[in-house]
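Chain naming follows the written order as A, B and C, and within any one chain the residues start at number 1.
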Amino acid sequence: MSAQFLYGGAGILLFALGLWSLLVHEALLRKLIAINIAGGGVFHVFIAIAYRGDTAPPDPVPHALVLTGIVVAVSATALVLALHRRLEQAEESAADAEGRSESASASSAAPPPRTPTERTPTERTPTELTPADLTPADLTPETLHPETPHG
Amino acid sequence: MKRDLALLLGILLALLAALLLWALHATLALEPGPRLAELASARLEETGVSNPVTAVLLNYRAYDTLLELAVLLAALLGIWSLGPAPAGYQRSGPALAALVDWIVPLAILAGGYLLWVGGHAPGGAFQAGALLGAAGVILRLSGEPSAGLPGEPAQRWLVVLGAGVFAVVGGGLLASGFGFLTYPPGQAKWLILLIESAATVAIGVTLTAAYVGGRPGSGTAHNGTGQSRTVQR
Amino acid sequence: MADLLILPVLVPLLGGLLATALPVRSALVGTLAALATSLSGLGITLLVWLHGDLGTVLGGWGVPLGIGLSADGLSAALLAMASLVALAISIYAGSYFAGSAQARHFWPLWLLLWSALNGVFLAADLFNLYVMLELLGLSAAALGALTGKREAIAANLRYLLVGLLGSLTYLLGVALLYTAYGTLDIGLLGERLGPTPIAATALALMVSGLALKTALFPLHFWLPPAHANAPAPVSAALSALVVKASFYLILRLWTELFAPIADIGAATLLGLLGAGAVLWGSWRALRAQRLKLLAAYSTVAQIGYLFLFFPLLASLPPGTARDDLFAACVLMALTHGFAKAGFFLAAGLVQRKAGHDRISELGGVAQRMPATTFSIALAGSALVGLPPSGSFIGKWVLMRGAFETGQWWWLPVTVLGTLLAAAYVFRVLSRAFGLEPTPLQFVTNARSEIPALLLAFASVALLGLAAGPVWAILGFGAAPA
């Protein structure tokens, strides 16, 4: 009983910590890590409750549920990361376009430097920084002058 | 202001955590009532596998697993819809390349072992698929732009293979009168192995393709100029 | 026969897999699969209509080991609505995405979304519902970002994170229930569950997670940008169908599983949030500058109405009056499904034609598209709750219930919400009836205009003039006159 409570309680604390971090932090990657920690906490609870003392065999059902949950979490994380990268591209291209129009008028402002979005063990090729990254459709008037969604 | 808000949230969430801890404590203090554990182990022999977790994943609750493969596929489809894959990384140096030549086959071999062992010990399609995915990630990091994946048409068939075989087996069993994903006695083992093998390949390919991070095809061409990267929407 | 319950999930799943594998033929595969899915959903509805509740357990293990599927009147009613609305959206999408590279991304994700939607309506297992909700959330967010525009991606990124948080909170509640009661089957849990603090904690976790996913005020903040920036068919699906899935689940859990503990106090809290949603959503809809944003805020308000029913349901004993209220709540959810889908599809046509959807500049465009403007008018009248629409009956029963239970404070909320809705709908329509000459042809593009028109028409006529079947399929007596 005390062992399960220790493990399960740790899961609940992880859930609360993840929730706090998700609500407090602005940066998307921190939010994503936070939600993964919260998810890990929930999975922790499932693992803890599978074992209810020496007399009974551990319950395989929560273990299987956690495996399913992990795959779901991985999928969601992958999609969030891909959306995040696409958003950064769109914002950089919008910023670049603004910079370009400014430099055209004032011939002083330079486009803001791109920040590396991924940490990699090897260096990225220079191709990553070519204007081919800036898809033309991001330069439509809607992106340059977005209507704020909140009307 | 912002810090005050964070503090307030912290206090509220601490209260929530205390409430949940109390609820968990109260729940664990209850006499364990009827659980699925006894039932699941009592009928384990009928499932065709002897690893109880695999029995839950591929037999008792196979429907969940089918949908989980669909979730994985949906995430990949979402990633593909966002545009072509970014260019790959620089070719690795000779030392890393030699290491990769060892690690990738080993990962694939270990994946095959995990798939087989899943029938009676911890292991199974997801663990094996994750290893295949890791092999793909290593390939991509070492400068292979396609991460060892085939072209787009084949890749599309491979990522639907897992859920496809699963659903077709289920539908076939339904059509032949057994009920959806109700394995006929004696055939469970081989049907599960078939589904798991297909799922392993699909999971490995899907994870790798998700890591590549975009639609396959011309976008992944590694030609050093970036000019050939087609911009499609 | 109950074996067939899997078909509304299996058919779109197979269709989605095939559409993934055959990207060049995805529109054809998708359309055929949509037709088959719709037929399977309507077929299940018909079976429930003829034979009553259906239930099966997959895998031949029985509960609690296997995963159950069940269809009662509530499932069947929503399944039927989803089948018709999703079919109309599919036909519209065939024309909307024709010749666009987005088509090959749309169809597989859309079919997976539909599969998850039907899966939620038919599931009888709490963990299976979690997987379904995740499939629904992931495919919905991916579809919403399909335009690739910055606002759409930002909005759907937030939608995805919010959805994940909602599912996790729900899942933690499921973990508590499983620890305490040792089963995940809703029917079995219902038998074992008592009015314990543990069950109350689980209820609070699960309902707050689902309320986040169904955008109940004040947890609605993610909905307007996500729904307003998606492609039109996706907006329609998100607003009409996807938020209904989590609402359906709240309704089912609240009235069945947690009936012993879901008392009047908790229900009043939900009702208050609903009232906030009605007033705030309607107000923001009135102030919206864009047509699709207006429709999105209107969804926030319409979801609010559905929660006004909870305190009334909680304070009535089982009987005809309670049945009427329950059926009226379902009727309003169905009507909103048809009306909002029709509204969004029509708004998408206007946006395509004009190149924007700023309400103040829509006059001439709307006038050149009579059928579309008519669709907006019909759907709008159902959103307001004008007779003979389904929401008129719904609101009527709601107000009568508030009167009869002495909870008169819900009356001004309903009246004010209705007035605001009338104002925001007529604000749009007044632009459409300018002085420019109206063309002779009523329909300009049949394949995309007819689905919107039929949906709008259904919300007014089908569910308004013929609300009886809703009562019948829920197993209640005749509809109130």
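Keep in mind that, in the parts below, a contact is a pair of C-beta atoms (placed from the backbone, for glycine too) under 8 Å apart; a residue touches a chain by one contact, two chains touch by 3 or more.
Note that the structure is predicted; figures quoted are calculated from it, not measured.
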item: Chain of greatest Cα-centre distance to chain B; value: C
item: Selected pair, greater C-beta contact count between A-C and A-B; value: A-B
item: Between chain C and chain B, distance of the C-alpha-averaged centres to the nearest whole Å; value: 30
item: Averaged-CA centre spacing for the pair chain B and chain A, given as whole angstrom; value: 19
item: Whole-Å gap between the CA centroids of chain A and chain C; value: 28
item: Residues of chain A whose C-beta touches two or more other chains; value: 12, 15, 19, 45, 49, 61, 65, 68, 72, 75-76, 79, 83, 86, 135, 137
item: Chain C, residues touching no fewer than two other chains; value: 127, 131, 134, 138, 141-142, 145, 148, 153, 172, 179
item: Residues of chain B whose C-beta touches two or more other chains; value: 20, 24, 28, 32, 35-36, 40, 60-61, 64, 68, 71, 74-75, 78, 82-83, 233
item: Chain C to chain B touching residues, read off their complex; value: 3, 6, 10, 13-14, 16-18, 20-23, 56, 58-61, 64-67, 101-102, 105, 108-109, 112, 115-116, 119, 127-128, 131-132, 134-135, 138-139, 141-142, 145-146, 148, 153, 172, 176, 179-183, 192, 197-198, 201-202, 205
item: Of all residues in chain A, those that touch chain B in their complex; value: 1, 4-5, 8-9, 12-13, 15-16, 19-20, 23-24, 45, 49-50, 52-53, 56-61, 63-65, 67-68, 70-72, 74-76, 78-79, 81-83, 85-86, 120-128, 130, 132-133, 135-137
item: Residue numbers on chain C that touch chain A, as the complex places them; value: 127, 130-131, 134, 137-138, 141-142, 145, 148-151, 153-157, 160-161, 164-165, 168, 171-172, 175, 178-179, 184, 224-225, 228-229, 284, 287-290, 293, 358
item: List of chain A residues in touch with chain C within their complex; value: 12, 15, 19, 22, 28, 31-32, 35, 38-39, 42, 45-46, 49, 61-62, 65, 68-69, 72, 75-76, 79-80, 83-84, 86-87, 90-91, 94, 135, 137-138, 140, 142-143, 146-147, 149-151
item: Touching residues (chain side chain B, partner chain C) in the complex; value: 19-20, 23-24, 26-28, 30, 32-36, 39-40, 43, 59-64, 66-68, 70-71, 73-75, 77-78, 80-83, 156-157, 159-160, 163-164, 167-168, 170-171, 174, 178-183, 232-233
